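The same chain A turns up in both complexes below, where it pairs with chain B and then with chain C.
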Partner chain A sequence: MRDKVVYLIIGIVASVLFWIFRVELYEALYTVNGFSDQMYNTGAYGSVAAITIGTAWGIAAIYYYLINSVKFDRWYHWLAMLGVTCVITPIICYISVSQSLEGFDYSTAEFTFEIYNILFTALTFVIASFSMRWWSSNCRHTPIPQ
Partner chain B sequence: MRKINRILTLVAVMIVAIAASMAMTSCGGGGLEKAIKKALINGDTTQVTYDSICSIIKNDPKKYAQYLDKNGDINVEALGKYINEIGSKLRPPMSWDISVFSLKNLSLTIYFERSGSMIHYDHTSGGGQLKKAVNDLINFFPTRENVKINIVNDNIYPYNGTVDSFLQDRNIYESTSGTGDASYTDFKLIFEKIFQAQKPGNVSVLVTDMIYSPKNTADVSVEKILNEENSVATAIFKTYKGKSIIVNQLMGDYNGMYYPYNNAPVAYNGQRPFYLIIVGDVATIDRMANDEKYAKFLHPDGVKNTYRFNQVPGNINFKIIPDWKDNVGRFRISRDDQKMLTKCEGDRETGILCFTIAVNFKPLGKDDAFLTNISNYAVQSQTGFQISVRPITSGDINNNNRSYLNGMTHIITARGKFKTKHDELSITINNKFPAWISESSTTSDTNPSAPGFATTTFGLERFLQGIYDAFAPGNATYGKITIKLED
Partner chain C sequence: MKLFIFAIGGTGSRVLKSMIMLCAAGVRPVDANGRPLQDVEIVPIIIDPHKSNADLKRTERLLSAYSTIREKLYGKNANANGFFATKISSLKEVVSSSQVPLDDSFIFNLAAVENYKFRDFISYNTMNEPNQALTSLLFADYQLENKMSIGFVGSPNIGSVALNGIKDSNEFKAFANVFADGDRIFFISSIFGGTGAAGFPIIVKNIRQAKNIDAKNKAYLQKAPIGGLTVLPYFSLMESDDKEDKRIDNADFVVKTQSALEYYNNTLTGDGKNAVNAIFYLGDHGHNAPYAYDPGDKRDQHDPAHLIEMVGAMAPFKFLSMSDSELTDLATGEPLPTKAFEYGLDQDTDFVDFSAFGQETRSVIYRPLVKLHLLYIFLRTGLNGMIGQGFTEDVPKITREFTGTQFYRVLTQQFFDSYIEWLTEMLHNRRHVTLFNEGEMDMNKAIHNVLTKKGFFGSKKVDNDTFKAEMNRLSRDNNTYGSNPELKLMDLFYTAAEKIITDRYNNLN
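Right after this comes the complex of A and B.
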């Protein structure tokens, strides 16, 4: 039981650290002169990181506790949820960034940035899954059996 | 088990909620902060935006009490500090001088020279450029109720009429005849009186032909009188170090007797230079130079040449433009130091690195002829960067570079073969004694048909050199731009 709580705490800490170091992490992966400055100035990195964390944890929670079905507990079901997260999150983030950068013309850079953001989305979804799966009545063995 | 599930669902929901609220907060902060940030990022630092920011503060005086004074007016200093605090956290750091929006009404004192040689600038057959220039000064001064007019020659005498009567007067020298002694002009006395009378917030303008014509100069050699003129200028202006002087040279029709130095008067009909000497505290002139309302006043129509004495070197506001059509090679603007380029790489084929900066030269008050002349700059770097300077045009501005070009006046492009690991590009704007003054000066004005008579003024260079030496001995500069580069 204690190990499972440790996983949850690690997951939360990792997500918080992602939030704190969002600018450094995103810019380490993708920097474009001009675009990155405006992402920073408008606080768009904050919105994107928050949306990424929120959707990843939210969809993981939906999978493990709302769907929580024996008919949907195989690894590829989990992978499908990861896929859904990796599609939904960049779309929401793209809309959010477009609103933040209204008036600027960085559509190519915005699109490329969202491609890179899929990596963080997937990582956060994995972290969220391994943080909360242990208490799911039907899916705690997904994606990897205990 | 159900209990644990509920708790975990609650934890997940809380994380989602926290994330959502973080997303909301990262979008802006308070209304005032958001408005300021938006203005800075979009480069919209106009009077309209400033007014809208003020109305946010005034609509919620309790919340924003620190930005209001006791009378409920905007505390410009506190608000300016807050704006620049927000701006300093942006990339690149941005600043906004809002002091110009609260510039208290200045007063203007015109000193209109009425010496023998000035009268003929206002001949009825001429174009009346002199009177037009003075009228323009008054008309382009934002508050006409704060304008005073004096007549000067051997001393300073108040003008008897009103500002309106002065503006409408078609023969100002006729209506002021008998005022003082028009046979000589005592610049030493006039400048000293102007400085002594000048109160904070006052701008004085001496309208003159700048011909040094003191009393009792019979049989005194030209060289002696010019040396005296030079020393007098230095002595006066050294005493008033906090003053700044703008000399505007204009041309006007002249028809009448001309009084050469130490010689018999000669008839002359043609063009002659005259001068508007604007005098004020350095801070006052600096603020006017930054305020569009005073642009026409400081540099009225018809100005042929201009120079500002005692222009204290200041920080030149500039930004490196990350994405510009002329850029060649690669570089990244440092996150920690916006005046530093990292990961610099020349073009793969040519090895050339070319980057562009947007500069605000407006506070210098220099025209494009000066600013785009590369000989006015000293450029130093190991790479041997060469620069070109041009004014920003409306065609240069797009949505992506608007925040970099906002408040900027010129584009400097630096180009060179970048080979070193570290380099430092320094661009110094030299404040040399201007060549036009020497070109507009003569030591002999006895022959009106001599070439250059129409464009030169007796003893001008020595007098103005005296002022220059009083303020700017040695290698004076207007400022310096330094950019560090790393590979």
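Right after this comes the complex of A and C.
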């Protein structure tokens, strides 16, 4: 039980750190003159990080505790949920960034940025999964056994 | 408390087989308040000189399988809850000292009897002429020529002579030495054959006269609470292909029964008699399917299981549930006079499902047997596909190698093959016992005349995934199984089945 709480805390801490160091992390991954400045100035990195963390944790929670089915407990089911997360999150982020950068034409940069953001999305989903899966009755051993 | 069960003759073995099935399903002796009795250990002792008797062999194999499975689940612990909960031990296992050499078997060694023709056993040839003449009056020629390795061929007059020496055997001495205060004795025998009809009163006599034997606990033995299941005719025999062979004749069954009942009444169970404290009478005359003629040397007595045997298997549980004050005068320690019990179905029908039994019987057997049957379906159709998922991945893990262990093989092959054979035989016998639908592996339809409850979206479903989900839930954070995956599997299933049966089936009350 203690180990599981530790995993949860580690996951939360990792997500908080991602939120705190969002600018550094995003800019380390993808920097374009003008676009990155506007992202910083409008606080769009904050909303993108929040959406990424929120959807990854949210979809993981839906998988482990709402779906939580013996018919959906194999590694490839989890992979499908990861795929769904990696599709939904960039779309929401793209819409959010477009609204934040309204009046600027950074559509190519936005698109590329969202492609890069898939990496953070996937990573956050993995972290969320390994943080919360332990209490799921049917999917706690997904994607790999404890 | 130990319950020594003397299962005598073919009927003894067959009733014992049914009892093992009930024990495997988790049927346990309970006290007057319905609470399981603690520290109960059953010690079956099969008495049958006909060792090649197929029914005896089947029962012995089943006992061996039961012991293997139970030991893996609970070790030597007498107290358990769930499948295979009741501890069943051989006489050798409960005898602590090695002073008396015993076979590690559930079968009483009757070498002193079974190696002889009856004529040789009584030394007929060395008798003087008057004694030979008297013996010839008492025994027919075919009885004198009877090889006792095939039993007593329905002749209690042979059995009553041949089994009289049982008190001098190592097994009887070991039993007498290990019998302790608080232990009980139960007999299972038929009254219309040879071995059981004779063996029951003789062994009771030897127990009640234990003062004459050399055993440290003979005082307890003399006053032991004794129960007995006496099975009256419940099957008939086809005529022999050999028209001359009349060694066993249906026409004699009722006459033999009447004579034996009269004898029992005079010696064991009549008014004021206290040799036997509880006697259970069972019979089913008129509903029986005729079995192939077999005195013991034709086809080795491979008779199908019968409803009577299953009902009879509940008698030892009933006997155990009786309090000491019902069997013994607590002030003097003397056994009380015989209490007699009979049994009737709730519905007198040729097609017996759970609803045909009275409520008391249903309350004893319905849930345990349904659980066992669902376990059978689950192990045959579900578990293999679940390995590597859910509860199987919790510690202790149930791995692919688990399905190759001795425990798993004995359970799924040896035991469950016997279980299905038992059900099938009872189904095709008369009466037809249709507790479960033959060959049905759909859990929703497996129990005869019991369907699943209606839910909001139609009937509630029960399948392997239903069990998997419930076992997953029960297994989460469950650290009670140590390094025993066998116990984990069986206990999780048993507990899950209890909930699923309650929640999803339209159960009989």
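The rule we apply is simple: the second predicted complex is superposed on the first by the 146 of 146 C-alpha atoms of A that agree within 3 Å, B and C clash if a C-alpha of one lies under 4 Å from a C-alpha of the other, contacts with A are read in each partner's own complex, and residues count from 1 in each chain.
Quick note on the criterion: contacts are C-beta pairs under 8 Å (C-beta built on N, C-alpha and C of every residue); 3 or more make two chains touch, one makes a residue touch a chain.
Just so you know, these numbers come straight off a predicted model, no measurement behind them.
> Taking chain A as the common reference for superposition, should the pair chain B and chain C be classed as clashing or as fitting?
On the shared chain A, the partners fit.
> Where does A:40 make contact in the superposed view: on chain B (first), on chain C (second), on both, or on neither?
first
> So after the superposition, what angle do chain B and chain C open up at chain A's Cα centre, nearest 10 degrees?
That angle rounds to 170 degrees.
> Just checking: does A:28 make contact with chain B only, chain C only, both, or neither of them? Give me first, second, both or neither.
Neither partner.
> Between chain B and chain C, whom does A:137 touch in the aligned arrangement: first, second, both, or neither?
Both partners, chain B and chain C.
> Thinking of the overlay built on chain A, is A:145 touched by chain B (first), by chain C (second), by both, or by neither?
second
> Considering only the touch criterion stated at the top, classify A:65 as touching first (chain B), second (chain C), both, or neither.
So A:65 only meets chain B here.
> Contacts for A:51 in the overlay, against chain B (first) and chain C (second): which applies, first, second, both or neither?
It touches chain B, and chain C stays clear.
> Which of the two partners, first being chain B and second being chain C, lies in contact with A:100: first, second, both, or neither?
first
> Using only CA atoms and the superposition described at the top, report the least gap between chain B and chain C in Å.
When the complexes share the chain A frame, the smallest chain B-chain C C-alpha distance is 8 Å.
> Considering only the contact definition stated at the top, list the common interface residues of chain A for chain B and chain C.
135, 137
> How about chain A: which of its residues touch chain C in the complex?
Checking each residue of chain A against chain C gives 1, 69-71, 73-74, 135, 137-138, 140-141, 145-146.
> Given the complex with chain B, which residues does chain A contribute to the contact?
Touch list, chain A to chain B: 8, 12, 15, 19, 27, 31, 33-34, 36-38, 40-47, 49-51, 53-54, 57-58, 60-61, 64-65, 96, 100, 103-106, 128, 132, 135-137.
> Which residues of chain C touch chain A in their complex?
By the definition above, chain C touches chain A via 388-390, 393-394, 465, 468-469, 472-473, 476-477.
> Provide the residue numbers of chain B that touch chain A in the complex, in ascending order.
Those residues of chain B that touch chain A are 1, 4-5, 7-9, 11-13, 15-16, 19-23, 25-28, 37, 40-42, 90-92, 322-323, 331-333, 335, 398-403.
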